[in-house]
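Below, chain A partners chain B and then partners chain C, in two separate complexes.
This part shows the complex of A and B:
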């Protein structure tokens, strides 16, 4: 199953180290492939370094692409995490 | 480990002395791996072994970080723990694991494969437009150093782990790295870049760790058994010294420790010249832990609290309450002695990067502190409110740094008034009157010292910046030795001008720069009319001794003589000679 959804970065400092850590932790153990696309660049969301390299700032939009068996749950968790600013 | 063949002779390297002292010890290579890593091809048959070696280095790094993270949690340093959590994620990143293993499979050794990938990251991050994200590379670099440290056994990661007698060799030292160093184990720092005015230098001084910067390591090889001598007087680093060199230094070190013991003994005596002129000898302070020492030495008070340390390791400016508790901790420990809190002095060499609350724009303080804060009034007022609130607990004055015109001083004072009015309105206690001082550290301020002195309660001369701006000298890459720069006749005249103007108006003037903690300058400063000095706590005994070894009359005569000289080297010779005559048994300065 493949799901695509756009989310907004709400964290004050953008997707910096702490949110990036939270994303990678959240995706640990999930069985699907997760990619983020930002400004025409697509990266593996399970790589903290790749997320940091996006340098995505607050109020920018990221396209999440989830492919695999547990895609719906994974997408739901990700959206929730972006919404709640990864607990920041 | 690098093989050495330097048995046959000693090697002398020269750098810029940043922090005084003489040390004899063994090298501890810290984060200089990039420059020392050899590229060796790996035969295809050994690829498996090389990958295993790489995985072991990653695993050892992971164990390190886990251990540090537990320690941080134990010490309730939650921010530190969060950063280390990110470091763990970086170690498990597919880019670090699978990508690099693939690279090793092409026949590269692990170090080269790893450093190639890291330097690609570095390039990418450095090309980012957003300085905040650019800065995130530091975490990657931190992890990279640790991994490389495990690949090469001589490079270790935290200075807290340095064994006793370590002479730390590093390309560059950050403030936090220097902060980790335990003065019981770290005998000296030697770096390739850096200089007198860096934060690492300030911390080295506060800890009393000798430090020599701008030493070239090119072609340098040593083992952990190599003996190294660091001479903070000349800026020399001697590798594998001859037996007689070693004997000479061992002797000097013994003499020096005798002298220091003697100074400690008289440290509690009054700070007055031998004909009885009292001098207010204050301390420059960075951390509350330094305050007991200040009491022990009988200091007059704190002449300079560097408030910018409140946001060390932080991305945003601290809240008013956070600052209030921070300042109050200092004020309470003063037991009624005066304390001067300098408002945030960042910009120039002291960079701060972060975001202002409620704003998306990252910023980088490039301009002078007071200019920046007069633009960012909300941040500045928050600090002034915090200082005013803390001032109810003791004798607090506020000092504005980097003022260059009267209008800046007036604006800053107006904001202070506004902060006070707000507090009154909100029924928050704050003192009716607080003394306001102005730093004289840019030449324009020195030239209009009369105008500034008219409108504040005290002046404080910051000689480091004054030298920097008046000689157009680069603080990081000084070509002239620092002592020479401080002896420049223009600096003496500027100090004299400021002192004359403040004395005319009956307001105190202090000197708090580098010059104040160098005992060779003490008689000159007294003679120029400076009766208030502020120095790093640990230099109080040294400066006090210099004060007690001279009479007020002699000092005035010395200053008159110095002002009549036309070159820095003549002034330097005069000061060196007079110190040798006054304090002959200080073998650190007299050699």
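This part shows the complex of A and C:
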């Protein structure tokens, strides 16, 4: 199962180390492949360095692509995390 | 492939090419379609059939002198036809002063007009080289790229299988890290793949339990490289008892990266297997193969010689050794 959705970075300082850690923590143990696409760059969202490499700023859009068995739950969790600014 | 514009070329390579913008500033947003440049000799003479209008135009000595020798009216007519096209930009080499009609029409049609100091042929080859580089297809892949004994090894595998640890082990043994986690790959001249690190995270590593570390600072400049060709792909995977792993190594496997076939190895990982040593061995064996010696094939040939070669010789040898031993007794 493959799901694609766009999300907006709401954090004031963009996708910095803390949100990136939150994403990696959230994806730990999930059985699907998760990719983020930002400015034509696609990366593996399970790797913190990859997320940090994007250096995504506030109010920019990231395309999330989730592929695998638990795709719907993973996507839901990710969107919620982006919406709640990763608890910031 | 993202679009490439004249302003990008001017900003990135203006100094290297010795460019000076003299007209058509409004046209800097023109798109460069193909990494090609040409000298419009025939179109200037009036032959417009099959004219490659998307190429960059370069006016050298001959073109400028030809324009000077033509009648002013013809000059305007022909330049007008040439500049109405989607031509990205016009370059005049050898610091020639462009005819005023060319200057005026470039302003009118908003085509950037540059003056370069290089000689025409040098300029064209340099420009083509830079543009080919900018236009070469690229992608981002997940894995670590390390230079091991001069061989570019791309280590891939699922997350937390130990890619970064393997790369760190290799660096510790004096090999060079190009990039960890995110490797950007560029296809050069349609044949060779070149990997390099991505801006911010270049030469950084993330190790579970330690965090982000800077390899260039920790191990010194000798342990890092900015780019390296990808000669080998090794996939690390958790040992699976049901999977039959290559035991002989006669068959060579390849994986397809951007249409280029790269030798590919699957390396099972389990406690007690020294991944770093195995990666070094794979790299060394690859070098040996490239030098024309394939250990597995040589071994098979020796074996085939013994099993299918003339039997008499073999029996004779055995008898010979047997008789020797008996004579000693």
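Basically, the second predicted complex is superposed on the first by the 88 of 88 C-alpha atoms of A that agree within 3 Å, B and C clash if a C-alpha of one lies under 4 Å from a C-alpha of the other, contacts with A are read in each partner's own complex, and residues count from 1 in each chain.
Keep this in mind: a residue touches a chain if its C-beta (ideal position, glycine included) is under 8 Å from a C-beta of that chain, and two chains touch if they have at least 3 such contacts.
Predicted, not measured: the structure shown is a model, and the values here were computed from it.
When the two structures are aligned on the shared chain, A:41 is found in touch with chain C, with no touch to chain B.
Once the two complexes are laid over each other on the shared chain, residue contacts for A:3 go to neither chain B nor chain C. When the two complexes are overlaid on their common chain A, residue A:79 makes contact with neither chain B nor chain C.
Which of chain B and chain C touches more residues of chain A: that partner is B. By the touch criterion stated above, A:12 is placed in contact with chain B alone, chain C being left untouched. In the superposition on chain A, A:52 makes contact with both chain B and chain C.
Where the contact sets of chain A with chain B and with chain C meet, they give residues 44, 46-50, 52-53, 55. Partner chain A is touched in their complex by these residues of chain B: 82-83, 85-86, 89-90, 93-96, 121, 124-125, 128, 130, 132-133, 136, 139-140, 315, 355, 357, 360, 362. Listed in rising order, the residues of chain A touching chain C in the complex are 40-44, 46-50, 52-53, 55. Listing the residues of chain A that touch chain B in their complex gives 12-14, 16-18, 20-21, 24-25, 44, 46-50, 52-53, 55, 57-59.
Touching chain A in their complex are the following residues of chain C: 2, 140, 142, 159, 180-182, 198-201, 204-206, 212.
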